[in-house]
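Two complexes follow with chain A in common, the first pairing it with chain B and the second with chain C.
Now for the complex of A and B:
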């Protein structure tokens, strides 16, 4: 069943995907830090969606759809315009390629990201582990 | 020491360009390293250009060095002084100090060419440790 993007159900599905992904657990076993996944509005999408994930040593301690960006001060942010995020979620483009080209951006403690590059990649891969439907 | 602090710099971005993701990551790493006087000194007198390419995506950036002035531009220039090419994870492992660049070359994880001395010098500002 496809899950509505930006909903709490979507956040829950991502949490479950992270919890069941051995690849993520292995890649992020030393990862410490929470994160915002921010989908920015563009020509084809008017909303701004924020997902908050509390990630700790391969576990997802909390996943929540957030409405107020100031509610948390996460250590990391993955963000990009809707169209680019959708291409990743639809598995039309590779997550590494999207990061390298700048279609999606990663901000935060670059030293930790460079130590565990696979963790960022597997996190994005988990976002594609279930079917997503997008609001009109 | 006071003079050294005044010399510190950051990597500029070619006018009018928005850096790719690769360029943004490298700029952040290099800017952090350039705050370290010792690391800045390793590139202070260097002149040349280095192409850094992520091999899976094909995304490349060129770092221009001109005696203490550093500038990044998107894409590879035609005739750089040196180049290096690796997959994202290997570039990241080099930047985090988990993979020695020399070992990377010997094991084929890092491909390089051109002036090896220049590569050695810029490795000082590409590794976060």
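Now for the complex of A and C:
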């Protein structure tokens, strides 16, 4: 069953995917830091979605759809317009190439990301491990 | 959407004379003591002086340069205030120079923080970077990658950003003539690994494919000759070009698993980079295997290898690379590098961690898990073809 993007159900599905992915656990075993994934509105999408993930040494301690961006002060922020995020979730573009071409932006401790690039890749793989439906 | 980024490449005999055409007031030459003793730095200074450019020399770059070396060089650059940085040497020298140039122009960014996601480095305002290659294979004169060693963490840092590409690459075969056979072989295998991985990684693209294939052909045709006779200038020139062409090819796609494994081994056991990645290359071809069978077959066709019916192109290509390596006295297994088995086994945990954390691994067409990586390394130590 497809899960509505941006919903708490979607956050729960992602948490489950992270918890069951051996590849993610291995790649992120030294990862320390929580993340906001922020989907910004664009011409084809009027909503702004924020997903909060608390990731720690290969575990996902919390995954939550939130509405107030000030609620947390995460170590990382990954953000970009809906169309670009959707292309990643649809596996039409590579997530790291999207970041390298500025389609998706990253803010935070870049030295840690550069030490664990596969953690970011496996995180995205988990996002695409279940079927997502996007709101109109 | 993707980018194809190259420096201005000046190649062929007498390419070094292009330095006399440069505009500037003062140059900071980054090099090592061996290059100074070979007289290459004097030649560079002579050309620069014809352009009215004064030069200072920093000759303290070591193999596998450390962050600390970069900091020392930057401190001197800040005192000298050059508008040109001229790297004269192999991959280590050119990588150190790239990192120094970034920190000279952007002191707010530490070398280890250079990453592909920064889009506004704004390099070039304070100085230009010219890379003069003296080895044939790293391709560093044409790439926007820097490999530095984090001595504290015993791992190599692969730092990438499109803006750090040199402004000019000088590819003059005369400068390669002095390379001893061992370094010729090591760096030549690096060029081969770049080209094969650039052609087969998941980021391969239309703009890099032709370059990678051409470089592979050159390496198979000319590397044995260049190793056998360093004064064979046709072979020297083709290998010098192959190194640069492969560099442009792979950096605009990416290197993959042989580089991840080679970085890991090199950081812990100080095996020269080209020797390490060349050693792993046939094993990674076997490991990736059928996922890229069509591409292995294309490479085999390009170098006129016959793939008998019922045989896999990956197997034939891996055998051919081992044959080439054997001809130029390269090790075919980790055991042949004289790393004792007990030292290797003791380091296994760190070796695996380094492979799994290496940025090159993300574009491998088949990514190993931890257990597969351990098995892969064990096979490679023994010289056993990968069968899983």
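Please note the rule applied: the second predicted complex is superposed on the first by the 136 of 136 C-alpha atoms of A that agree within 3 Å, B and C clash if a C-alpha of one lies under 4 Å from a C-alpha of the other, contacts with A are read in each partner's own complex, and residues count from 1 in each chain.
Following the convention adopted for this analysis, contacts are C-beta pairs under 8 Å (C-beta built on N, C-alpha and C of every residue); 3 or more make two chains touch, one makes a residue touch a chain.
From a predicted model like this one, the values you see are computed outputs, not experimental measurements.
In the superposition on chain A, contact of A:101 is made with both chain B and chain C.
Look at A:22: by the touch rule set out above, it reaches chain C but stays clear of chain B.
Contacts of A:115 after superposition on the shared chain: both chain B and chain C are touched. In the overlay built on the shared chain, the residue A:35 is in contact with neither chain B nor chain C.
In the superposition on chain A, chain A positions 94, 96-97, 99-103, 105-106, 110-111, 113-115, 117-118, 121 are in contact with chain B in one complex as well as with chain C in the other. Those residues of chain A whose C-beta lies close enough to touch chain B in the complex are 94, 96-106, 110-111, 113-115, 117-118, 121. Taken in their complex, chain C has these residues touching chain A: 1-3, 110, 112-113, 115-119, 157, 159, 162, 202-203, 356-357, 359, 361-362, 367, 369-370. Against chain C, the residues of chain A that register as touching in their complex are 22-23, 26-27, 30, 94, 96-97, 99-103, 105-106, 110-111, 113-118, 121. Interface residues of chain B, counted against chain A in their complex, comprise 18-25, 28-29, 32, 54, 56-57, 59, 88-89, 92-93, 95-96, 98, 128.
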